[in-house]
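Going in written order, the chains are labelled A, B and C, and every chain counts its residues from 1.
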Amino acid sequence: MTNTDNVGEDDAVETDGDANSDGYTDDDEVITHAHGAGGGQMTELVDAVAVSQFADAAADVGLAALDDGSVQPIDDDHSVVVTTDSHVVTPLFFRGGDIGRLAVSGTVNDLAMMGATEPLALTSSLIIEAGTPQTTVERVTESMREACEEAGATVTTGDTKVMGSGEMDTLAINTTGVAVVPKGGHVPDAGLSVGDRLIVSGTVGDHGISLLSEREGFDFGGDLESDVQPVNDLVRAAMDAGEVTAMKDPTRGGLATVLNEMASKADVGIDVEERSVPVSGPVSSAGEVLGIEPFDVACEGVVVMGVASEDAADVLDALRDNPKGEDAAIVGEVVDDHTGQVVLDTGFGRRYLSPPEGEQLPRIC
Amino acid sequence: MCLGIPGEIIEIDGNEARAEFWDVEKTVRIDVVDEAVEVGDHILNHAGFAIRKIPDDEVEETMEIYESFLEGDEDEALEEIGAGEGEQLGIEGR
Amino acid sequence: MATNAESGDDELQFRDPEKAEQLTDELEALMDEIGEPVNVMHVCGSHEQAIAKFGLRSILPDDLTVRMGPGCPVCVTNMPEVDEAVALAEEGKIVATYGDMFRVPGTEKSLADARDEGADVRVVYSASEAAEIAEEEPDREVIFFATGFETTAAPTAAVLTSDPPENFSVLSAHKYVPPAMEVVAEMPDTDVDGFLAAGHAATITGYGLFEDFVEDYETPAVVGGFEPIDVLYALARLLEFIRDDEAGLENAYPRCVTEEGNVPAKQQLWEVFDTTSGEWRGIAEIPDANLVLSEDYAHFDARERFDIDVDPGAADPLTEDCICGDIMAGQADPDECELFGEECTPQDPVGACMVSSEGTCKIWLEYGGQPDL
């Protein structure tokens, strides 16, 4: 969100070459919205400011893997899984959820994506803009508590900071999650093998389309809402029913992004049957009207998993037994072809499904 | 260009209408559409404006044109919508 | 896209895979009869989107090439026009823009870049939203950066003729397609056997204006819709004309297009806009294809109201290697460009063909372009 409160008719935007008070000049690369949008620029940024900065710890899954969390052994029989996320969302309270629910679900789900379905502890750090009503913050943390209860998790430690009015946008939350798994019992996002089936646990694009519509004031009538929810119980059911080889949750960048990431990390190709992918009527319709593909926008209550082919039917049944997984479907297969790429059978022909670059905007052309 | 989406008018209020596009609704302006619209009419929406009133039977007629074309009858279909049989145009494989 | 929608079944008929298969069989049969490669040009970004999204190129006959001409209003919007919008935003005014234009680079930056730097740029879905912003912010100037072809100019005209607030104005970068089709048809290297004309632009203008075009250039044209079945059917009719060596014209989108078009919208369009010559990005000057506000509407013309301080600045040296113009004129493919996918990517575009959601280069990079599928 760009804070434009201070730009009025007579205020031109400074673009002269002098260094400003933070010490950078126009010649320095500046961080832009594109860096936060999850595409190539974000990858570059993460590499420059994170991966290349920190020495790799002894880990089963380390920083460089850029998985949903890290996995480190603590003794011969156990590993600890750690994940962290910062959450900024506008509006704070949206149809289907709020920033608190998003924060808890996001972190519980990231742990679950690593195969850690029993969170041990969550942290919650709040950064609050001065002037924010206390009741707003209380509503948020109450929602966090509800989401924790749903997930069987709890917040055990945290932090609170207040910034000056106008120095940030209302509220930001960082959550970190910790869980323990049996040594070797974690699930990487790079684990796909040729022959695996791909399962999606629920309808896609709900969060992204709903939030965009709400934020931009598109009044589409009643039925669009975010799907934000913890899905660790769903993942547990799946893992108990069969061999889950890889997992990722399609948050920013959507289904298209995670399928491509899973394909390239495992060095395999993926074939998807477009018509098998579950999309709700309202999301599909709103996507048509706005010119935005549901595959390209965030889901916050869905899992994409690679499953050993012989277990696919059992895992699907286990998912569908849970109300959160009632729309689960087998959508594709891992193939030994077009390595690192995802091909979509559209029902008419075939095309590559590529990850979207940047924030999806409504289009008229 | 451009993205044009068909929808059905469900409510009218001055130069605006509420239209249904499959499973969602949206408000569209109806002041540039080619003829007056009523509730129940279908329109083509572009950038929040209805730019065409889609005649009720057009979808059906269009499908019939396509059908007839595939059967080799498109010349007749264009003159007499719904013609089911007629001369072949010598296109093999039908 | 997969849909569980139960209503609107009518439209889903236009996505019937069985009918698609029958139509592609028909295309194969026609190509056999024609016996040599055929080049079809379409002039509509949404046609390119439809073809790419449904994977239609993977099922078209090998010798049938369907390529996009100058049909992307975002692609052909010149850098100085983007610069004008950016300049206004940097002066502290509110600039409203369609999502399509938001990240298109000007000489130095895009409106998205300007917003990151603190300018008040708002993405709107409709021209009417821009006027609403002006009503909600009576103390600020609100400029609508009006882009798009005639289909989109009609809504802009409607907003201007319905009493917009005094603090509202329009920076028109609208374009008019038919003159551009003529320029392309006249280019010596153009090798187009038939035109797939844009169905939604024709909804406004009518198809009658193509009668002279097909006669003058002795090339057939079919006005097509945008569902997969519409596109395949339109191509089949075009191939029939080509097979018969007939410079025919057909309306294959009768549910939206008539000969006269949308008469009231057309009248309003030409009341509000005049044509003028201008440069289309990469395709040099096209006579009478830029839409500017007519004298009667000068009051709402941002170019009249403001003294826009546009400093063209130094053009990016890479733009010399940019072949967007050739690509748009249908004379080259994206993978023939040195910069494609290297220096020119969606996150770092050189030409607008890579930025616009309907730009040929972006679609090629996104969907894999010419399929080996």
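Just so it is clear, a contact is a pair of C-beta atoms (placed from the backbone, for glycine too) under 8 Å apart; a residue touches a chain by one contact, two chains touch by 3 or more.
The chain list, named the UniProt way, goes like this: B = Hydrogenase assembly chaperone hypC/hupF.
Just so it is clear, the model here is predicted, and its values are computed rather than measured.
A.B. asks: Among all chains, whose Cα centre is located farthest from the one for subunit C?
C.D. replies: It is A.
A.B. asks: Can you figure out the chain closest to the middle, judged by Cα centres?
C.D. replies: Closest chain centre to the overall C-alpha centroid: C.
A.B. asks: For the pairs A-C and A-B, output the one whose chains share more C-beta pairs in contact.
C.D. replies: Result of the comparison of A-C and A-B: A-C.
A.B. asks: Centroid from C-alpha atoms only, then distance subunit B to subunit C, rounded to Å. What do you get?
C.D. replies: Once rounded, the distance between the two centres reads 22 Å.
A.B. asks: List the centre-to-centre spacing of subunit A and subunit C in whole Å, with centres computed as mean CA coordinates.
C.D. replies: Here the centre of subunit C sits 33 Å away from the centre of subunit A.
A.B. asks: Could you grab the centroid distance between subunit A and subunit B? Build each centroid from C-alpha atoms only and quote it in angstrom.
C.D. replies: Averaging C-alpha atoms per chain gives centres 39 Å apart.
A.B. asks: Hey, what residues on subunit A touch two or more of the other chains?
C.D. replies: 218, 280-281, 284-285, 288, 291, 363-365 - these are the residues of subunit A that touch more than one other chain.
A.B. asks: Give the residues of subunit B touching no fewer than two other chains, as numbers and ranges.
C.D. replies: 1-3, 21-23, 46-47
A.B. asks: Would you mind listing the residues of subunit C that make contact with two or more other chains?
C.D. replies: 3, 5, 7-8, 45-46, 72-73, 98, 125-126, 148, 152, 358
A.B. asks: Using the touch rule from the top, collect the residues of subunit A that touch subunit B in their complex.
C.D. replies: Touching subunit B from subunit A are residues 218-221, 223-224, 280-282, 284-286, 288-289, 291, 363-365.
A.B. asks: List the residues on subunit C that touch subunit A in their complex, please.
C.D. replies: By the definition above, subunit C touches subunit A via 1-8, 15, 17, 20, 45-46, 52-59, 72-74, 89-93, 98-100, 102-103, 112-120, 123, 125-126, 139-141, 148, 152, 228, 345-347, 356-358, 365-368, 371, 373.
A.B. asks: Please name which positions on subunit B make contact with subunit C in the complex.
C.D. replies: Going by the criterion above, the answer is residues 1-4, 6, 15, 20-23, 29, 31-34, 44, 46-49, 51-52, 54-55, 58-63, 65-66, 69-70, 74, 91-93.
A.B. asks: Touching subunit C in the complex: which residues of subunit A?
C.D. replies: Contact set of subunit A toward subunit C: 2-4, 6-13, 15, 30, 32-34, 39-41, 216, 218, 274-281, 284-285, 287-288, 290-291, 293-295, 341, 343-352, 354, 357-358, 361-365.
A.B. asks: Please output the residues of subunit B touching subunit A within their complex, sorted ascending.
C.D. replies: These residues of subunit B touch subunit A: 1-3, 5, 21-27, 45-47.
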